[in-house]
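The following block contains the structure, expressed as structure tokens.
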Amino acid sequence: MPRTSRKSSEASFRSTTEADLKRHDAGFLLGLYRDMVRTRALDTRIEALYKQGKLVAGCYSSRGQEGLSVGSTAALRKDDVIGPMIRNLGSMLRHGIPMTMVLRNYLGRANGPTKGRDGSSHFGSLEHNVIAPISMLASLIPVMSGVALSFLMRKEDRVALTWIGDGGSNVGDFHEGLNFAGVLKLPFVLILENNQYAYSTPIEYQTAAKDFACRAEGYGIASSKVEGNDTLAVYEVTKEAVERARGGAGPTLIEARTMRMRGHAIHDDAKYVPQEMFDEWEKKDPIATFAERLRKAKILDDKIAKRIDDEVKAEVEEQTEDAFAQPPADPAHEIDEVYAP
Amino acid sequence: MPRTSRKSSEASFRSTTEADLKRHDAGFLLGLYRDMVRTRALDTRIEALYKQGKLVAGCYSSRGQEGLSVGSTAALRKDDVIGPMIRNLGSMLRHGIPMTMVLRNYLGRANGPTKGRDGSSHFGSLEHNVIAPISMLASLIPVMSGVALSFLMRKEDRVALTWIGDGGSNVGDFHEGLNFAGVLKLPFVLILENNQYAYSTPIEYQTAAKDFACRAEGYGIASSKVEGNDTLAVYEVTKEAVERARGGAGPTLIEARTMRMRGHAIHDDAKYVPQEMFDEWEKKDPIATFAERLRKAKILDDKIAKRIDDEVKAEVEEQTEDAFAQPPADPAHEIDEVYAP
Amino acid sequence: MSEITYLEAIREGMREEMLRDGNVFCIGEDIGTYGGAFRVTQGFLQEFGRPRILDTPLSESAILGASVGAAIMGLRPVAEMQFADFVANGFNMLVNFAAKAHYRWGAKVPMVVRLPSGGGTRGGPFHATNPEAWFARVPGLKVVCPATVRDAKGLIKSAIRDDNPVLYFEHKFLYRRLKDTLEGEVLVPIGRARVAREGRHVSLITYGSMVYHGMNVALELASEGVEVEVIDLRSLVPLDEETVLESVRKTNRVVVCHEDTKTGGFGGEIAARIAEKAFEHLDAPVRRLGAKDTPVPHAPQLEDAFAPQPADIKKALLETVAY
Amino acid sequence: MSEITYLEAIREGMREEMLRDGNVFCIGEDIGTYGGAFRVTQGFLQEFGRPRILDTPLSESAILGASVGAAIMGLRPVAEMQFADFVANGFNMLVNFAAKAHYRWGAKVPMVVRLPSGGGTRGGPFHATNPEAWFARVPGLKVVCPATVRDAKGLIKSAIRDDNPVLYFEHKFLYRRLKDTLEGEVLVPIGRARVAREGRHVSLITYGSMVYHGMNVALELASEGVEVEVIDLRSLVPLDEETVLESVRKTNRVVVCHEDTKTGGFGGEIAARIAEKAFEHLDAPVRRLGAKDTPVPHAPQLEDAFAPQPADIKKALLETVAY
């Protein structure tokens, strides 16, 4: 039996209607669309570069989850701080990270964000208010609580936001970090991307809980559930959470339902996922469905779509070229910066 | 403002009535009473030995929580396995650990259960189906899940039970262990002893959750709440949980409300606890209130009470003497047993 | 008899023990349906079924903690860390629970933790470390690091039969690179080093991936007239000190080498023991070789500059011989 | 100027830095109302209030993780582990997040972790360990182990001002045992060892509680005509190798000693460096002294047999001199 979603009632996952769409500015909506397109274009290019043997190692795709990253990040101010995980390429782009930074890192360039020391999108940039994750899942949750704590201490009205997977949410740090944030009412938002699988492991083997959002109660914090492929709905629930956080009402745990449309990483053919499940979710593709809605609302048409596509294509070309033009990582400086001076 | 309890509705914490009491066999009820008296007597003796400078180091009292340990352990079969924490002296005694074993350990004797290598009630005995804790709180939760896993693998109808404090429940292992047990539907029961404080830290600084039992939902497991000083109620909810576990219906998290009536350890005068709080909880003393109920039900009278007291006194005397008669730990064998042969 | 790889040898060893002893079971992330990130347990789910092959939630501390509990009850869990690096998340269970149980209260903890470790595969800071020294310093744990196909099989079997917690570091670089033909029951005792190559000019004390590189270098040097004795420790705890000292007493010159970072790596322990116990036999300083004291870098040219390369080993050996 | 204890010196150092820099804050279990399990932060809540003095839930990984996050944002957290032993529960945050951030992406992590460690107080297997070697092998972390009242104060202040994660091991045995009078601004640079006593017959390289015992032994031996040079490392990372080597070049004989268990303790690293870099200067084997390779036992007679005692140090020094 192909599984398609969590057991909890369908209705409780928020989605938006055409009326909701109309409440928003066309420019804003087109911006969301554009950033999703940018994300997929870069993702697709990275996959292509992998196949051409150009990357240092493997790559992780966020295909099918672009709306979740872009929609949630769109709810933030630029001075809010994000801690993107491996499937939040869209968050990085939306928060201002130029494509070349990502590409330089995938290519192991000397003046990439990690100088070749780490790979893929595994980097941060304080200039862009982006904290780098480590591979150990859920570690970012206590760390981003600490970022939020710095806002509390300095009386800044900024918010910290990060993401976690259905798998990663079972690591102890999820518990310690959320509980800590709850007791201090920190301006912190955690989005749980329930994309049905953790590597090869389906959610049924991850937890017996009926959903993940209910865990919020155990920390005395707010929660909500949202259709992760409804980009606007993701934006809206995140916006509410961010406002709550900024207003001093504490953290929120948002469960977003979506689907990982590729293998865990490029080497994984995801044969363990029933094809029907991919088929069904393909119909809910966040970009296609959002485009469709924008067209219906007369915000998008062929001409605008083509313009955006062309611009994005040009951006990817230019940024890829830029990345390739950079020098490779330099072993001469290898041991230089283990310590801050 | 002295705090007296969690914010969650009073009614939801189970307690028993006189009718409930009557459903039980008098011998069984007197057994509970007796084991509580034994626990307090041993606890009191250990405190006295400390004051006489006879212990190797400090000691931890479970005064005021005897009913919780005894009542919950009474719900088990002897072949069920417990993982007692530092305030579960009563569980150890009820599960068959002789007093001298505890005393020998407090006195660092060569033929105590740890041969002087560890102290206090920090020991286990496979012969008695008791697993030793480590100091790192909540570590026992995954470990006892593993004990329960062994029952599942071997198709044994045994149950694993352990306890955790309001403080310790915020360690990541609580989350990992309970979630693991939940997904495998393990025969596992966890009793959260909410005794209002973790060392000097009141529960408000431990979590913003309205109670601890609600965390069960996040793992898809059963839960219940009980007045921890109502020994019979503790017995009953534990019994239900144990039967659920034995029947294959998976783990239960039980929150028991009680009060730590001493400092964290003997050196701690607990000045940070409002006196009113001690006063109020003193009235709910599990032994005094249970005795009172037994008397009302004509199960206990002065004569029986005296007989039990005398027997227990004699037991403590004899066991203490026995412990003192043992040789001190012997450094000659110090490095012998780091590894199993 | 056909050739099998180092990786297949681990699988074979586990499978044989699973068949031999019903108490043995496997536990870890993605080890069932997927057969493990490196496919070490491929086919096991089909053969042994659930729960003996147990796909777990993403929870290292639960995996290790549950293994401790099951082991105390007499089962023999073989836990897989998806990468050795992730053991940092379940560290406490090993160093405090598993390691101290027997000493404290006589409880046996017959569990194995498999840790795919090491670099050379561009894994970067979190997928390429060699964390064995964290554990080799913990009384109560045993630590083995197989470097050959035979030892991969023989040590996993011995680890499973051991009544103590054994950390089994399997090197990712060797997984598919090494091949050998094994016949009959292969059991390799824990705590016994192997003279991988005899020589008289200098001893190379090493383990893990550096045995592979060291043997190649020794071969090359032999053609240049320098006879290197290569000692493959195989087991760090217990350490076969006598085989090490014997070699040093014979060659009077020694290089200690590992892929782990140099400062605080287990090579310090080995060098210190040699310096103390074979002082009179040393004609040259005990030379130590390890990776640079940085996290493991990702880009190939950086990783190669980070970890000891054959050329570095050769240079150290020649300098020690020439001293 | 009145005398203060080692413990008070830590408190004074922290307090001065709290007053000097509004970015400094304290975080840990029971550090506010209670003033910490050992009362190091006594009075801080009254003086600095919440949230600068932050009583946390019982969650080591959250304490350390939140410290990392706050530090990356430019604050300067001083996190307390109630006992050093409990750092095992937040291990990953230190070795993977804090240690690697600057190398990976240039983020400074100016945090201090205070770790009340060591034995002599009958703490047993979980309240008396010396876990410094786990961290001294992790590139990106700094590790200091003050052994005097002056260094307790001077190093906590330097640690707080350092832009890297610094693990500050404060020894429980020394807390109230050491007293001294300090005047003026006390700042002790991280990475510089201290010649605690000059001598010419043998060098004792040590740190932490063993400095205390070592100095007593040295005094005793002086009256017997043996002049011991005592080097108090103070900082394990960065290690002041030059001061160590200089002493060895002068005395030609050396004992390395720590309270931590011997196998895999940091003494191996030090001995290995001496053996490699001062080979020509050694008139005797580098002698190593550490605790027995067992968990820390609880009962007094066991703990005393476990950890190096003054008599053991004396014996090792005399044997090394007599070699």
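Residue numbering begins at 1 within each chain, and the chains themselves are lettered A, B, C and D in the order written.
The rule is simple: a contact is a pair of C-beta atoms (placed from the backbone, for glycine too) under 8 Å apart; a residue touches a chain by one contact, two chains touch by 3 or more.
Please read these numbers as outputs of a predicted model, since none were measured by experiment.
Engineer: Half is the threshold here, strictly exceeded: which of B-D, A-C or B-C has more than half of its contact pairs identical to A-D by residue number?
Structural biologist: When the residue numbers line up for over half the pairs, the pair is B-C.
Engineer: Greatest Cα-centroid separation from chain C: which chain?
Structural biologist: B
Engineer: Can you work out the whole-Å distance between the CA centroids of chain B and chain C?
Structural biologist: For chain B versus chain C, the centre distance works out to 41 Å.
Engineer: Roughly how far is chain A from chain B, going centre to centre by Cα mean, in whole Å?
Structural biologist: 45
Engineer: Where the CA atoms of chain B average out and where those of chain D average out, how many Å apart are those spots?
Structural biologist: 37
Engineer: Pull out every residue in chain B that's touching 2 or more other chains.
Structural biologist: Expected reply: 114, 117-118, 122, 134-136, 170-173, 176, 179, 183, 205-207, 338.
Engineer: In chain D, what residues contact two or more other chains?
Structural biologist: Touching at least two other chains: 56-57, 59, 61-62, 85, 88-89, 92, 96, 100, 103-104, 125-126, 139-140, 293-295.
Engineer: Using the touch rule from the top, collect the residues of chain D that touch chain C in their complex.
Structural biologist: Touch list, chain D to chain C: 85, 88-89, 91-92, 95-96, 99-100, 103-104, 125-126, 133-134, 136-140, 237, 239, 256, 261, 263-269, 271-277, 279, 282, 284-288, 293-295.
Engineer: Once bound in the complex, which stretches of chain A touch chain C?
Structural biologist: Touching chain C from chain A are residues 56-57, 108, 114, 116-119, 122, 134-137, 165, 167-168, 170-173, 198-201, 205-207, 272, 328-331, 334-335, 338.
Engineer: Using the touch definition up top, name the residues of chain D that touch chain B in the complex.
Structural biologist: 29-30, 33-34, 37, 55-62, 85-86, 88-89, 121-127, 292-295, 297-302, 304-306
Engineer: Note which residues of chain B are touching chain A in the complex, please.
Structural biologist: 170-176, 179, 182-183, 185, 204-210, 212, 214-215, 217-221, 250
Engineer: Taking the complex as given, what residues does chain A use to touch chain D?
Structural biologist: Where chain A meets chain D, its residues are 81, 113-114, 117-118, 122-126, 131-132, 134-136, 139, 141-150, 152-154, 160, 172-173, 176-177, 179-180, 183-184, 337-341.
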